[in-house]
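Next, two complexes with chain A in common: one pairs it with chain B, the other with chain C.
And then the complex of A and B:
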């Protein structure tokens, strides 16, 4: 028995235990509800199946969650502008490609347009970073500015139209490259995660971000440039939002400034929280956030599979979210623990009597 | 001179003063620019209150939550759910207006209670809890109905459209008849809520403990305040106010649909921030939030009077203004900080 207990304690002590459990629960429920859930088939040379769909659809969220994790870790705040920033980045790219009319002719090379879009995202991120790092504005308020203005800016760029790019090549990034059976967004997500991990692990940057997040003042005292690190973290988040924006616009080969990346910021923050990261900053787990992002998408996809309409989806999502965060709540664990203890004490007392 | 003024008033009131001065300056500018469109009429000013009555109620509740150091992003969805519930109960279930209103207000209280329990007693981050609340309420709106339901209940419409004429501030029209300005009952509800919460925050023990909890939770605890209960009460009260804001909002729109009041919570937060409330807690004033709402309303009025500007410019201008205020706040806060250091 005690061995089992220590094993249990070891398991639950593992930081990814709860995020993984949540994902497993969602997947198992799916398996029971839809037996064909894990079925993967090849149609027209591309992979099909729920799992592929979940991974494909969660790509943008994973990318946003990576940026969000660092923002949360480094500044103890959230970047609520990422959804709007993806719309801005998408608008910049498509506008520079086709101008203010839907068309199938590129005005400038595709690569350059992508670069411009990413730069747009980074500029937004840098603006946020400047406000948070240099002017010491609370992250949520600072990013509220672009949250409010971002879609307006995107509208100004597209002049209020929904712009289409009617060219096959433009769809590759968000769908499939001919001849490759795996959706392209998955590759992009893996690339972003790999590069981020490489930079964080190979340099001391990951450690620096944690240090700044735990205590910016003492980080400065030990010689870290806290301002620069926070600024970089927000710029990176803007870049991630830009990359996500590229995928979003490529999926539907158009930019709709009102709806591109709508509510993505909320899902990204949720992914970070479900991944077991404290929104108060400091220690972080990128893997947790990625698992969180996949969990959210798995939930969404499986609810769609259970014929829940898009409008009603949030109800179930809310219930699951509350359930998950309650599972992770240290306070609840303590309460339950003290309740159990009281019970056992009473039991012991009765035995003595 | 500015520094002297700030020292006398304290940073809190100084920010409020800036907000008020800016509002007046903007309004005077509007009167001058749009003098041919009768911008100067008292009715135009009252329209700010009429079209933003719901936002005033929501912003007042939000300010209270922000002062505790928390946040509530479920307000917009709550407003949508309240409108939809009211419309659905009155039109599809033929429930009378008054029971329907009581039911939605009760639901608001319960909603606030659940959120408050999770935040105060289980110590889950307010952002996440109210995010879930936001999803839940928006989803429930769709579960109730995905149609656009417009309210035809007579009692409700009578209250919604009851013009209350003011005995002053009128103008003489072309026919030589004196036209008096009017307001709707929704405005009165908004003002009453504002006064009550202002009183609570300023003069009651509960109100002072809200500031204490937001200023420093540890010290508040050591002072013997019941931090958890204070927070719970604030969220319950805010849930009630969110439902009331929904009712007031519904008086204006007389209907419910799923996408209603999207981004309403951010408008409320923006109004509070413009009014000088800090998201870190401990500092804030409901009067400032009122002016925050009025400033947002004035910008919108400018844009309607202008006629050629598209609605997305409203958002950009509001954001620019928000940016201005936030930077101003940060500069004020940092000079205060430096002064503290030097002494």
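And then the complex of A and C:
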């Protein structure tokens, strides 16, 4: 019995325990309700199955969540402009490729257009970073500007039209590269995560971000340039939004300024929270956020698979999210703990008597 | 003759305007005199005189000012709708259009309507984002004496004097047409007695187009006992969501015969998902879309899509007709449907050139 208890304590002490449990619960419910859920086959030369769908569709969210995690950790605030910024980046890329008319002819090389789109995303991020780091505007307010104005900017670029790129090659990034059975977005997500982890672990940047997030003033006192670090995390978040924008537009080979990345910022913040990260800044776990992002997509896909009707969809989502967030609440854990303790004390008391 | 009178009035008004700019009294008097003379000469009805006096006050223009609060530019259909208004309400036709893009937010539309009231426009055209919550702002428009014409979507208000007319498509009829076409098509192929499995990609839940089309399909479905509606799920009228939901449908059901997508954009997403699953859209699975946008004709010519039921976005001319009637003081019908057709793939190639949207 005590052995089990220590094991339990050890497990729950592990920071990824709760995020992983949540994901596992969602998947296990699926296994019961939809037995074919884990079935993966090769269809038409590519991997095919619900699990592949989840990984594929969660790629953009993972990328956004990576940027969001660093923003949350470094500044203790959230970047609510990422959805709109991904629309801007997508608009820049497609506009520079085909101009203001749907077409199948590239005006400039594909690589250059992607680069321009990413630069667009970074520029938006840098603008946010400038407002937050230099002008000390509250993150939510500062990023609210692009949250509302971003789609307007994207619309000005596309002149209010949905622009299509009718070229097979453009679809590769968001779908499949011929001959490779794994969806391309998964590779992109892995690449972004790997590069970010490498930079955070191999340099002291991860530690710096945490330090600034815990206490920017003392970080400054020990000689860290807090302003620069906060500026950098927002710029990075803009870059991530740009990369996500590339995938989003490639999936539907078009840019729809009003709908590209719509409400993604909320999912990204939720992913960070489900991942067990404190939204107050400081210590962070990139892995947690990634698991959080996959959980959110797993939830959506499983609700489709379980044939939940469209009007009930948001209700189920809300219930699961409330459950997950409550599961991780420190206060709730403490309450449960003290209840358990009382119970065992009473038990022990009875034994003594 | 009428046109001549009108041109003369316009000319006089512009002369007047110029003289006002010059601010020299003698000139003003002379023009006034000439004006009086010409009025006596050319027309005798007092009503016309009055309207001329009004033009005099308004200085330059006797243009009818129309404020259009548009939803946004979420689809090709919406863009065509916008263009229809922009090409109808031009100065050559005697209109001035103030256009507002609400980016799918009701609060933006309410703001736009208040701006229109402040600018004292003659007519307000509203394509509401949602059905509810319009009482206050339309009450303000009514108080200001500005008639409101609704385009595309209906609103849910207790007092229907808040708008003078509604122009739009008959979504229920579109749903009926869709099923009728499918029945005819299956009969042609000799499949009328086969078991047919259908899935539906619904629009944004609660929007008039979604409610009407779902209902229209439902109504007619009971006539075909051998058809089964396997599943319905919302694709929120967007291509990417349509694709995502279709991917899921294809994994949940082995034998889908028909996809009904409640707009063309979701149909495009479904086509991509079906192709990715190694099936041939248009052949293995029958695909029906709604709206009949230009890109849908391209998809039909490519053989990926079987049919699109039109939802005519060209509301501009019909709204102009209503405004002209109101200007003449006539009454107008409250509900006005625009003409809509069904376009099967066979007709796509010859019709695509004639499509303006």
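Just so it is clear, the second predicted complex is superposed on the first by the 334 of 353 C-alpha atoms of A that agree within 3 Å, B and C clash if a C-alpha of one lies under 4 Å from a C-alpha of the other, contacts with A are read in each partner's own complex, and residues count from 1 in each chain.
Keep in mind that, in the parts below, a contact is a pair of C-beta atoms (placed from the backbone, for glycine too) under 8 Å apart; a residue touches a chain by one contact, two chains touch by 3 or more.
This is a predicted model, so every value here is computed, not measured.
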Combined model on chain A where chain B meets chain C, clash or fit: clash
Which of chain B and chain C A:309 touches, first, second, both or neither: both
First, second, both or neither for A:251, with chain B first and chain C second: second
Which of chain B and chain C A:279 touches, first, second, both or neither: first
Which superposed partner A:156 touches (first chain B, second chain C, both, neither): first
Partner chain in contact with A:259 - chain B first, chain C second, else both or neither: second
Touched partner set for A:287, first chain B, second chain C, both or neither: neither
Contacts of A:137 with chain B and chain C, given as first, second, both or neither: first
Contacts of A:119 with chain B and chain C, given as first, second, both or neither: neither
Partner chain(s) touched by A:50 [first = chain B, second = chain C, both, neither]: second
Chain B/chain C common contact set on chain A: 151-152, 155, 160, 309, 311, 313
Parts of chain C lying in touch with chain A, wherever the complex brings them together: 72-76, 79, 82, 101, 103-104, 202, 205-206, 231-234, 236, 238-240, 243-245, 247-249, 251-252, 268-269, 272, 276-278, 295
Of all residues in chain A, those that touch chain B in their complex: 78, 131, 135-138, 140-142, 144-149, 151-153, 155-156, 160, 266, 269-270, 273, 279-280, 309, 311-319, 321-322, 325-326, 329-332, 335
In the complex, chain A residues that touch chain C: 34, 36, 43-44, 46, 48-50, 53, 57, 151-152, 155, 160-162, 164, 175-176, 248, 251-252, 254, 256-259, 301, 304-305, 307, 309-311, 313
Chain A-facing residues of chain B, complex: 71, 118, 121-125, 127-129, 131-136, 138-143, 146, 258, 266, 269-270, 273, 278-280, 310, 312-316, 318-320, 322-323, 326-327, 329-331, 333-334
